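Down below are the structures I want you to see.
Shared between the two complexes below is chain A, which has chain B as its partner in the first and chain C in the second.
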Partner chain A sequence: MDKMNRRLFLKGGLAGTALGALGLVSKNASASSGFSGYSEGFGVLVDLTRCIGCRTCEAACNKEQQLPEPDKPFDDFSVFDEVHEGGQKRRTSEKAYTIVNKYKVEGHDKPIFRKVQCNHCNEPTCLTSCFVNAYTKTPEGAVTYNSKVCVGCRTCMIACPFYIPAYSYSSVLNPVVKKCIMCYDTRLKFGRPPACAQSCPRETMTFGKRSDLIYQGHQRIRLNPGKYVDHIYGENEVGGTAWMYLSSVPFEDLGFDTTLGNAPIINNVKEFLAIVPMVLTIWPALFAGFHLLATRKNVNNQGHESEKK
Partner chain B sequence: MNRSVETMDRYESQSCVPIDSDYREEGKVAWSVQDKLLLGLSPKGYLIQLVRNPVNWAFALIFAIGIPITIGRFIFGLSWVTHSSYDYPWGLFLGFGLFTMVPLSASGFMLGTTVEVFGRDDFKPIERLALLNGLLGYLFAVVFLQVDLGQPWRLIYPMFVSLGPAAVLFLVAWHVATYLSVQVAELVPACSEWMGWPSAKKFIKSIVLGLTIAGIILSTLHQGALGALFTYAPGKVHPLWYSSPFQWFHFFCSSIFAGLSMLIVVSTLCKNFMRWRCDANFLDNLDRQTLGLAKGCSLALITYFVIKIIAIAHDNEWSYLFTGWGMYFVFEIVVGTIVPMIMYTISIRNENASLARVAAAIAVFGIALNRLNTALVVFNWKLYPEIPHWREFVVAITVYSIYIVTYRAVLYRLPILYKWKAQVKVAGN
Partner chain C sequence: MVDKKKMLHGGGFIIVLLVIAFGAGYVQAIETSEGPATIILDSIAEYYEPVQFDHALHIEFAENDCAKCHHHTIGTPSTGTGNCILCHKKEAISKIIACRGCHLSDPYSPEGRKVVSERGEVFHKDKPSLKGAYHQFCIACHEEVDGPFTCTGCHERTDKGDAFFHSGKHAPKHTGTPKH
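Our next item is the complex of A and B:
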């Protein structure tokens, strides 16, 4: 009987440990640093040397995503000279999931254009920072967003290293995050390229398997010596992104953040996440122990006194 | 006519002898709930007392402007009260309301630990004030959060509808919610005395050690988590204010002296402006307790200072110190950490509680500065500075004023600054 109880107890203990481990494992799994994207995931390679700033992609995105009419029509190129807060160029907004900006780079007569949209990270920080799991990295490579569960804390906007998510602040009853989802619902799901990529008259954007695109990108760099900077932006940045860039000038000259590093951002947060289970398990016994140490002193003293008596 | 004169006299006398027991002293008639709510005054006398207080006129002015604008936020949306910035998604509501108010409310778990875990009953006279300061601070941090959230009615989504357990904010949400209930439970004794429900107090007493330890765990983690939230934005926060291994500890460690300093500030305000409500037990022990809290603050401050320096050394960020941002960092550290640390130390050596009180005010300012800096000023340091919309300031001031008024209303009534006399009677019998 005794043995039986002990066995039951051990079983229970094991089950508990296993459960605990499961919890930890699943936590780690969703925040693993080894994840380099779904192997079959799609991506887009943007060759900035081809872009002429015609804004066709902006118009295509607007139509595909049924976004509101823009403040200035898509054939108005004065938008390139717009200066926003602190000398900022245009950025993605609730009305535009993708935008093209113009850069004048020293040593180049012609301006260089850069298309901006969600880069669809392999390990998106918007996703890992979201406390209602509103974001999903689909096997096709898109980072999608579920507006039905979003609370509106806007941590994803804090966390995105590329300043992509926008928020429909003006909506009173249903403000939501607005960002590019790589046309997931209407195109990517069926293996078709996003609207912007297909609309481009210059074939600036190449759609395909991400792994193929990396190969292609490097080949383009090799086959055109001197044309490109020997780097694919997004191949490794913050753990790799589905959208990647080729450029003829240093990426920092085009407003790319080249200080982000190659580790997924979630790695920074893990140092804290690691202490959570430790505090949860160690603190109760530690402080209960402190309590006994600090207060039982008096009880024992009383005991001694009564013994003396 | 006669009645109203009587009321005035009652008001005059009652302001000196406030309710502190179940029964009126003359005869043995129990105070009614209305008496307790109106501080033993008639409705008219209570109103007269309200109008006579000039502080209330200031609040009336703030509310006259601020409440319509706060309501406007929910009618016209966030874009009406903020700049709707995509680059600065968090403004004053979180920068001040969440990131500043939560550390200033750490007093609850600090004093809970001191009294209940370490058995330092000599801090009992100030324990309830610490608990109340904690509870109200957290409560209004949640109010600020509700003002800021795009869809506040979905507040419980991370709890029950759609869970993202690997996110730091998930931990904050759960911990703040759980800790709020712990703090409500910790203040049940004060309520039960006031309402005359002794059984509730007995029950809480039996689980108080568990509650307190739960409070320590929850506080360690969510105070730290608020700092860890910024580790999601490594490139956006200036390197001097950012440290991925130590950010959580910076926030946790500074919350210790933040909470204790806030407690000194609040107790000083009570001592000076609410003397009628404090009993001798509170007033006579206050100087000694203030110096006790000062000791805790000075230890936390030196720890915080050292770990801040270690964080700079760890990431080798010394060169940043000689930039403009570096100067600002040095200013924050000197004013918010070193000055109060030295003042606390001197006050302890000379047993000078008044000096400790000045140090506490400076430390509270220093914490507000640090949190606002991290969340707003040095956030996006590579982009551009953002000054919040004026309506955002108005709403923040309004919510904070509601906090102060609530705080004061509770202190006027519940046995926080004084002991409920009924206990004495029961013991006497």
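Our next item is the complex of A and C:
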């Protein structure tokens, strides 16, 4: 009889935990799946058909963010031919938060340039992967980073689908993650465009409210039939990004990852992550209780036995 | 070519001084029936010297078809980027000829941003700034006709510009640093 009761009780307890977990999961999922960025958030539309690879944006970034001296002058175009580990083109680094790469695309005589920087996702994976909350998505649209709380685990570097955050490996005592913050402290906070966007001679980058830019991007595609691929990269990718791209050639030809899907990356692990706090907080108390209940009989029995003796 | 450029450059410097002296931002050196012969584009010069734009030469290049560049105001409206005249034909705005008359020289100043944010109309939303208009328009044509294509092909860089680009005497001192 005792045994039977305990089994039933255990079953009930587990079912309760599971139900609780489900409730939490569905609540969290519905709360965040509809988030498409702050409505008043800013963004930048990069029209790659306009970029001529002058690297002025790189120079502007270097100046604005007071980055260290570059390895080569910003008017040295040999950087476009650089090949790094694994045959990669240049990537953002602790010394350059934005870079421009050159692509030769079949069927196009002229090279096509692509500017790379943090895309400032609506639901940033760097932010969600960071266990000390060093990242913040500001209402203005920027994804900023607080080096004071960073412990240097570099999970964000692995988590970022665009391979953006870099690490100051050169610093022995205080290495930190380095990435584009959309000039948040000096410009964006005051409603001004990032330095790179303002510096571009050909206005490759259009700065504005993200919602306006999506309209403007589609308008540009409509008004110039045949000029653009009918897609704004970043409008929906990984839940939408503040920086978006227009291109005249398929995005995959320019090294864009077109396999990321439109769901924020956090969605892949959200259900699992919702259970973690439950396991850590409810289970110890619950099973400690079970243990106490299960061993109570022994304690009582021992009492009886000693009385008998 | 270089000599001519230097000559022009020297002459340009005197003209710039004159411009500053008279507080104007725009010089019409020789007035002809077809517009100014030389235009100094200096409203946004900072990292580069003002551009000595040889208007007369470009009229020759365009074979007197002003609409090739003045896309919505003079001559037959072009069908490409310039579709303003389709709506504004009978308005005073269609009398504006200079680029800076429509394209903002500083869209990022507080005033400029206000103007841009208030543009609600379909076609006005995406109007390039003066800098954007010059570089989109001039370079697109220069590419086609093999005109000067590099930055310094049209405007000399200033010392401030050299510092900005870490070039010339401001070039990086160290060489051969290991890269990650």
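Here is the rule we use: the second predicted complex is superposed on the first by the 243 of 309 C-alpha atoms of A that agree within 3 Å, B and C clash if a C-alpha of one lies under 4 Å from a C-alpha of the other, contacts with A are read in each partner's own complex, and residues count from 1 in each chain.
Just so it is clear, a residue touches a chain if its C-beta (ideal position, glycine included) is under 8 Å from a C-beta of that chain, and two chains touch if they have at least 3 such contacts.
Here the structure is a predicted model, which means the values were calculated and not measured.
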{"item": "Which of chain B and chain C A:169 touches, first, second, both or neither", "value": "both"}
{"item": "Touching partner for A:66 - first (chain B), second (chain C), both, neither", "value": "neither"}
{"item": "Touching partner for A:93 - first (chain B), second (chain C), both, neither", "value": "both"}
{"item": "Chain B versus chain C as contact partner of A:216, first or second or both or neither", "value": "second"}
{"item": "Contact breadth on chain A, by residue count: chain C or chain B", "value": "B"}
{"item": "Contacts of A:78 with chain B and chain C, given as first, second, both or neither", "value": "neither"}
{"item": "Which superposed partner A:191 touches (first chain B, second chain C, both, neither)", "value": "second"}
{"item": "First, second, both or neither for A:294, with chain B first and chain C second", "value": "first"}
{"item": "Chain B and chain C contact sites that coincide on chain A, given as residue numbers", "value": "93, 169"}
{"item": "Parts of chain C lying in touch with chain A, wherever the complex brings them together", "value": "108, 113, 116-117, 122, 125-126, 128-129, 131-132, 134-136, 139, 143, 151, 164-167, 170-174, 177, 179-180"}
{"item": "Chain A - residues contacting chain B, complex", "value": "27, 30-31, 85-88, 91-93, 125, 128-134, 146, 149-155, 157-159, 161, 163, 165-167, 169-172, 174-176, 257, 259-260, 265, 268-269, 271-273, 275-276, 279-280, 283-284, 287-288, 290-291, 294-295, 298"}
{"item": "Parts of chain A lying in touch with chain C, wherever the complex brings them together", "value": "50, 52, 54, 56, 59-60, 62-63, 69-76, 84, 93, 110, 169, 191-193, 198, 200-203, 206, 208, 212, 215-216, 219-220"}
{"item": "Residue ranges of chain B touching chain A (in the complex, touch as defined)", "value": "74-79, 82, 84-87, 89-90, 113, 116-119, 148-152, 154-155, 157-158, 161-173, 209, 212-213, 216-217, 220-221, 224-225, 227-229, 231-236, 244-245, 247-248, 383-386"}
